[in-house]
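Okay, got some structures for you below.
Okay, so chain A shows up in both of these, paired with chain B first and chain C after.
This part shows the complex of A and B:
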């Protein structure tokens, strides 16, 4: 029981990180119908900006952890958004009217470019960070095993839930969210009623990037070590989560992220760690065979 | 008052070529202010292409599309970005095949058309997130306006429906009032009476004359239903093979030999067959 609970906590934490990245995939797909394969790299850049900010704060002597965390959070959201915005502006906007394949290949190209860019600037070695948040709660003690719910895991879960609630409100309750939903349904018509489609798409990339940057910060805090290559696997997993939940659906991305996280955690716990990725992707294959639109996805509506 | 003052829209020497195909060939006409101008012509005459040029879907090969906004001055539509044409110049449009946002509610379809006013009021969302009062008031005004139009077309009790689930005639009416929610000065309607039954068609006529008379909006109408054209339009432009062949009052156009020829063919040819 204790072991199960521990894996549940670990899986939830991991799932939250995947979910935050997956929202970026699903929103961009929803609005311009392309898979932004460079989104994993945006997540990686978010993690790098976080570690750099942490080290810089250490140098100037900001020692109070909550303040440092807040500054890092804001800095990484802000700076990573700039990357997200620039990515769309430079690489995708000129290709908006070209075939989807061109945009897809460009996305893969940007992904490779961003990996190499970070590798060149930061070096290829692992970047470690001292644990920032330590301690936790132990319960259900049973001999030497106890369920450990660390403060960091609590923070990750709470922050993700807060972000997702805020984000859902933004999409459903504000004029901005309404314009994004309109663009998602019919870009041409949205322009015809006066919505600045380019700006809405830019904002979508900015939102996706800022959520991914928070995921990057969480990844850094959780694992304590990052390198320029972390964006690939995390990106593919989050993409899987988005497809599993139903690409284009924001609640689907959150659900998919959680499921992938839980599947990975439980598979590693009860079967084998080596095959955890296989498990996650096998579930994806099964879902795509039996429910091609994903768990919460709607069948594709014919566009005129 | 000079001629230019009366015309809200002046289309001058509009030409649209697609490669070797000339879809519109040197068409000029004017749409008088707060009047209904119908564009008619056989299939393939280039009517929808004129609309596509006016609303920024196509950039005209040659020509000048001048819109004199009563409050904001003159706009040259052929030089404007797509979304600025409705937002700044106040040109709204509906489609032959209805293009609502089917996944949004009827009310949201009308609110989204007031997006720009709401965005300004919400301080580009920052204010709305902070819960500032200006946004709530603006949203209330937007809902008020939506309610006014829903009342006009008898859809108030279906405001929460998904727009895609409305019956066909109601979708048409909703599309027209959604266009009105952007507060246009020029409303371009592409076959609004297509697929309507006679009762719905009469309601449509009433709605369009209401828009013209009460809201002082200039209407541009593509229509095949001659009962609609003859009954409500003040001015008719006839296109055939991309050229303008007649331009005048409905009575004058109806008796114009060139128009009769375009629609019915040459009398001699018919006799020979």
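This part shows the complex of A and C:
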């Protein structure tokens, strides 16, 4: 029981990170119908900006952890969202009316470029960070084994929930959210009724990138080590999560992220660690075969 | 449309503002990742600051943007002066820095230069020279009006069409060059190795083109079939002691089988889902190869894969007792180059088989069905084409050629490990197909030479190779969204239409 609970906590934490990345995929896909393949690299860049800001704050002498965390959070969200914006502006906007495959190729090209850009500037080695948040709660002690719910995991879960609430309000209550939903339904029609489509798409990329950068910060805190290659696997899994939840649906992305995180945690715990990535992909294939629109997705109507 | 020679009005303040915005964005982009480097050593400061690089990047972005705006408005003179001054200065300092070696001049030069890396500095200098040339050209031809983007696009389309027309001439010409390539003067082992690599990617591109270009199925996991082919050959040779020529068809069959196995459940999915499932499949294959230690030797890979033979004649210096090798059988001097030449012809033959197969199958009902499915699936279904089975044939035939390529890779390297079959390979092969212009056989050749050959030649700039590769993918796509030689000829024409020619022999075009 204790072991199960521990895996549940670990899986939830991991799932929160995947979910935050998945929202970026699902929003972009919902609006312009393309797989933003470079989104995983945006997450990686967020993690790198976080580690750099942490180290810089350490040099300046900001020692109080909550303040440092807040500064890092804001800095990484700001700087990473500039990457998200620039990515759309440079690589995707010129191709908006082109075949979808062309946009996918630029996305892959951008992904390769950003990976090598970070590798070139920051070196190929692992970048470790001293644990910032330590300690936790132990309960259900049972001989040697105790369930450990660390403060870090609590923070990750709480922060994700807070972001999700804010984000849902943004989509449902604000003018920006309304124009976003309008663009999702029909880009051309939205433009006709006076919505600035370019601006909406830019803001979508900015929001997706800032959420991914928070995920990068969480990844850094959770694992304590990053390298330039973390974006690929995390990105693919987050995309899997988005498809699992039903691509285009924001709650679906979060649900899919949680499911992928839980599957991964339980599979590693009860079956084999080596094949945990296979499990996530196998689930994806099964879901697509039996429910191609994902768990929360609407079936799309085929028009002739 | 403006009159020739008239200069469009120029808003200097607006251009300055715009350039300032671009510079601000560049500064924000670079401030963390370029401005500070996380140090690897555990002692010493954890960060190394390089804020002068950030300032340099922002300043360059400012002036570059301003220059482009001026050129667009046909104010070439200030750009010419500025760009030439910058290019001259930079080139002079770079040359001086190289010539001065480690002396005081070199130290000074290094301090003046915008960036630490010589490659980046040289790239900048070249860009400045190109800009000056463009400005000079504009000054010289001041009376001509510039083409707008649509006209340029149309011109490139015409060029693409013409090259495809030429393909009938260029094709045999290229083939001729390819056939005599090993005997051309100045071809050494390094160039021949690059040629083998390029032809391998051409073959893989042609194989993937069946799936992506003809059937319109987006496959991001092509490397999986490449891996299946390579491991089939390696394991068959290892466990059953079979030779290359026995294993080649077997590897192809196994890859095709893997294609059917994967394709059967997933081929009814729409394009993007298919892309992500195939990507997942590629990763699954790699993870299995990595972890199934007892069978595949895991991350250590398989070594000692037998080399191919020519009708049983090995390419070794000292053949086993009582056996002839290639050079002793033909009474030649032993040369290690012989094997490379043989490998070259082997992959060339495989590539040509792939090409011939594609050209022929496009004229068969199944090939026509692929292309029809790509264009309109619903119409096909109503005409009685079974979508899944038809796609499955394309998918498995493409996989089979991937498998052939894989066993060639195994026999060429003599060693394979899961590391060779990463997603990057799939991305490169797909990029070759799409950049060449989907469905264009000759375009794939050019794209492979451009994407594989050029970076290999510049191998010394290893660090920047993949960076430039990614950048090239983006630039070419933004410039030519439908591929370099995109020009789609209808595969079939209704020939009894009065306005068209009545020659039934011209019914099809490859």
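Note that the second predicted complex is superposed on the first by the 300 of 304 C-alpha atoms of A that agree within 3 Å, B and C clash if a C-alpha of one lies under 4 Å from a C-alpha of the other, contacts with A are read in each partner's own complex, and residues count from 1 in each chain.
Keep this in mind: a contact is a pair of C-beta atoms (placed from the backbone, for glycine too) under 8 Å apart; a residue touches a chain by one contact, two chains touch by 3 or more.
What you see is a predicted model, and the numbers here were worked out from it, not measured in a lab.
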* For chain A, which side has the bigger count of touched residues, chain B or chain C? -> C
* Is A:192 contacted by the first partner chain B, the second partner chain C, both or neither? -> first
* Thinking of the overlay built on chain A, is A:204 touched by chain B (first), by chain C (second), by both, or by neither? -> neither
* **Touched partner set for A:170, first chain B, second chain C, both or neither** => first
* To do: Have a look at where A:274 lands relative to chain B and chain C in the superposition and call it first, second, both or neither.
  => second
* Asked: Counting only touches as set out at the top, which of chain B and chain C does A:180 meet: first, second, both, neither?
  -> neither
* To do: Name the residues of chain A shared by its contacts with chain B and its contacts with chain C.
  => 304
* Asked: Given the complex with chain B, which residues does chain A contribute to the contact?
  -> 170, 173-176, 178-179, 181-182, 185-186, 188-197, 298, 301, 304
* Asked: Which part of chain C faces chain A closely enough to touch in the complex?
  -> 25, 28-29, 31-34, 36-38, 40, 45-47, 212, 218, 265-266, 268-273, 275-277, 279-281, 283-284, 287-288, 290-291, 378, 423-424, 427, 430-431, 434-435, 438, 463-464, 466-467, 469-474, 477-478, 481-482
* Structure fact -> Counting only contacts in the complex, chain B reaches chain A at residues 55-57, 82-83, 85-87, 92-93, 95, 97, 99, 101-104, 108, 111-113, 115-116, 118-119, 122, 124-125, 128-129, 135, 139, 178-179, 181-182
* Complex contact set, residues of chain A against chain C -> 29, 35, 45, 48-49, 51-53, 55-56, 58-59, 75, 78-79, 82-83, 85-86, 90-91, 94-95, 98-106, 108-118, 120-123, 125, 127, 232, 236, 239-240, 243, 274-275, 277-278, 281-282, 284-285, 288-289, 292, 302, 304
